[in-house]
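Here it is, the structure in full.
Labels run A, B, C and D following the written order; every chain starts at residue 1.
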């Protein structure tokens, strides 16, 4: 499969990139950087370092996109340490970002191969919103869009009602969901249900003792420690990597349903909230039409096996 | 137990009144009418007819409250037929509504017996919002407030994101949840999970062949027919009656949790949405404090038994 | 004329009460207290002290109303000193507030004399919103409602877009403007244009050396000092008193126009904003109808003369 | 002066282009087309036809931009006839639009000549919002940005509270005003005050009997007729052309003031409303800073003379 990943590279974002780069049959053709988790330039460095860690330096171009959300003020996520890499202190990558803007790289690459490229959007959706506003035809030319974001039960992670990626740029998210893409959504609800590795699983990954398992161990250090402190046990969640796994091998999706997805951009307590309603509910509002498929459950064991395989390489 | 029910009497509202009136140990001391399901005066007639059906004519005073929501435009609910009684064509009750306004009746009765009276609010919350704004001390003087309304998974019934009672008067709902009452919420989510009687259960009720089971059969006729048409089987849901059952016998509550409840009054797609978040999420927003208990599951069999017993009398 | 004044008594509110009490032909039949400028109970004391200063102790009943806005959090206004009286340290009045709630006093008095009583609302509109929601018929039974609040040019005084009285309780204001009252609005825009007394005028009032001019001098001390510091000259503005003057003698109104008044209750920057549009603009929105008359200009000299006369008594 | 005009070319937009093209010392270097008044492709044709009418075919490149607003649904303006040209039925221009996207043309041209180019934005601000989000440095590289849009007294023209250009894409407007441009705003309030030509002025323009005065007569036919019908006299207003005149010769600006401009993107009645507050009001909100200069009055006679001169050529 031909793949582009849009990412605010920090922590789990890196593992998603690794999974894509190390799974046979997947070609990661480009990485685009969007505002999100940590300092914008740091995110680009994190992506480049991850490409280098995968042994693909110079083979996966990295494009810089929107340094801040359309309207919202950018605030860093917590959870990732200052560098977004658990202070892993990786050496600066030799590969440098491309000159072309991420928005133009997206448009050019998608329009050059209509129906062939799939995309994973694992960051706030500013880059994609700009691209599809500038060139609306990418919505139909992209083969499939896998979005990590939102919740389908209203229980958020950055505010009580909103998930981080959609909260950071709700206007961008609403633009993307209206644009006519063929979309599958991997929600924070799904993250909580199916993306967590427990202490045993983490121990198995650590025991691989490959360079990539070592990379994983270092970069996931902060979330592991936070979990230990907060819940009394070492665990690690993988919103972006699970999204990538579903895109690469949809057979790990255990349940999915069509839905009407809308993002709240106003609201006193609901800014960034995502409505992901069954079609029959949306039907009550005539202007509502199914515009996405929501993953409701995924196979955690199969997901783990995919990552274990990738890190064994 | 000493009980007051605030109701927009139509269909299931009536069965809740009957359950309260026919359960030994429960004294229904007053009924207050709020805008909601159908025409306001019709709702009062429905309450009076229900009291008459229970053989308590003249013994449960009915007070008229707010004829419309604070700010929202009133729209009738669907689902209940023009009279809200499936066209049951009940004779006009001899008992007439009281002169005192519902808001004053609520204040007077609650303040006269601090810590003794419980209340079921099974309609939009306009009356209670007015009462607690006029006399804030009722919040602490009321023993417990059982509210039917909202959802805790964002899947509404009147708009995709909002449940009817909260949608009709979101400002009132927000006022009530901020006022300091001791609240248990019976949501639409719970309604869908635990309040439905299937064809067998309905047949058992019909087979009672008592005046009250006959009343039930007539008044639930429209929702049964709608269900048959829509889902291919006869079922009937009981949001208000299940709320009443939980109030009368809390042992049928299978799961409940404390929560921070807020009602969205703005929002492009979320007006009337209820956030009912686990305390630890709310804690991220310092101004959020637990202000209610959410019923997550209830014993449908025990609930059915309560109603069967009440209708057997 | 028969008059009721709803007030958050502090500073200028008092002078409005005095003007009403000391103008021949005006009967101030009741004063109702609403949340607003300063501490609620202090406001009641200020009203009672003002009645005593006017020599009418025991003759003008004072009723306590809503201690806080419907939904908004109450915040005190600045500008008035802690007691709202420039620290005038007036003796505690002998007269005490009535037991009846302001909302019931308003309803009872207005319904008892349909078409006879006019009302000045010179505070946030919580009391009136509650009253008209509880008894909608007061909207037509009240002869005329004079409201001090809002702006008709979008230039506010508490936020850039909103005037204090409407900002404190925008939901209440919207309820009142929708209720069907016959309304004249005295805006903050008008306050800025026509209600200011300059140093000469203030000197003339001070020179009266009557008990009431002395009361005025003391109670207006803080705003005078603030003006001196801020603008380099002693001035004093009279939003409420000018409203009262227009109600008592409409001939001082120099220009007025019908308008469609709506209050913004949502909005990121416009909460409490008042739209007061020419009818022809409102007509573009079919649901818009003229619901108020806006005073555009008033005769400052005649207004001053009215107050001078009242204080000379 | 070096000038770029972003336009939703219809009616008055054309006269603004003509004024820029026919005023000595002004070089119109590019025209960019934004969604707005009428069908997008028709707008491009109108711009090309206007360039041809000015005798500059092939000398002023026209770039196509965003075909719809960021989030809002596009609706055509009224007032301009189906073609936006009063049915003038102009011959199709020989010049065709450029291939480069308007957003890239803006970025490339502005960044290539920092501090040299001024821009008139006389349409919804989608193109500029996209450009400055993609390349934030254009905000400082553009010499000056003249924006036609908004009101500074809350009296709108498309809804009671909002002016057309800002209402069509309020999110874009808010992005542009936050981006750090050096901005002068020519409001709809100013349009009403200073841009109208009366019957005498129109007769003088018609009497020129030049090709451009003939172009003007034809293209302004519909608004003239509408005015006659609505107000009983022939008049014509020129929001965009007055903005262009102020940019070309700022000496016709009679009064201007610095202001804090914010655009409401939420709001029940205020979507698209523009707050344009005196700095001292904004100062109450610490996050508010002057970000624009508002033209309060302009010299209608001098403006007319500029256009008369341009059409005489």
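Everything below uses one rule, namely that a contact is a pair of C-beta atoms (placed from the backbone, for glycine too) under 8 Å apart; a residue touches a chain by one contact, two chains touch by 3 or more.
Predicted model, so just to flag it, every value in this text is computed and none were measured.
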Using only Cα atoms, superpose chain B on chain C and state the rotation angle in degrees, rounded to the nearest 5.
180
Relative to chain B, largest Cα-centroid distance belongs to chain D
Between chain A and chain D, what is the separation of their C-alpha centroids in Å?
40
Distance between chain A and chain C based on Cα centroids, please, to the nearest Å.
56
Measuring from the mean C-alpha position of chain A to the mean C-alpha position of chain B, what distance in angstrom results?
43
Note: chain C residues in touch with at least two other chains are 265-268
The answer for chain C against chain B in the complex is residues 66-68, 70-71, 101, 103-104, 126, 129-130, 133-136, 171, 174-175, 178, 265-267
Residue positions on chain A within touch of chain B in the complex are 152-156, 159-161, 260, 262, 264-270, 273, 275, 277-278, 281-282, 284-285, 288
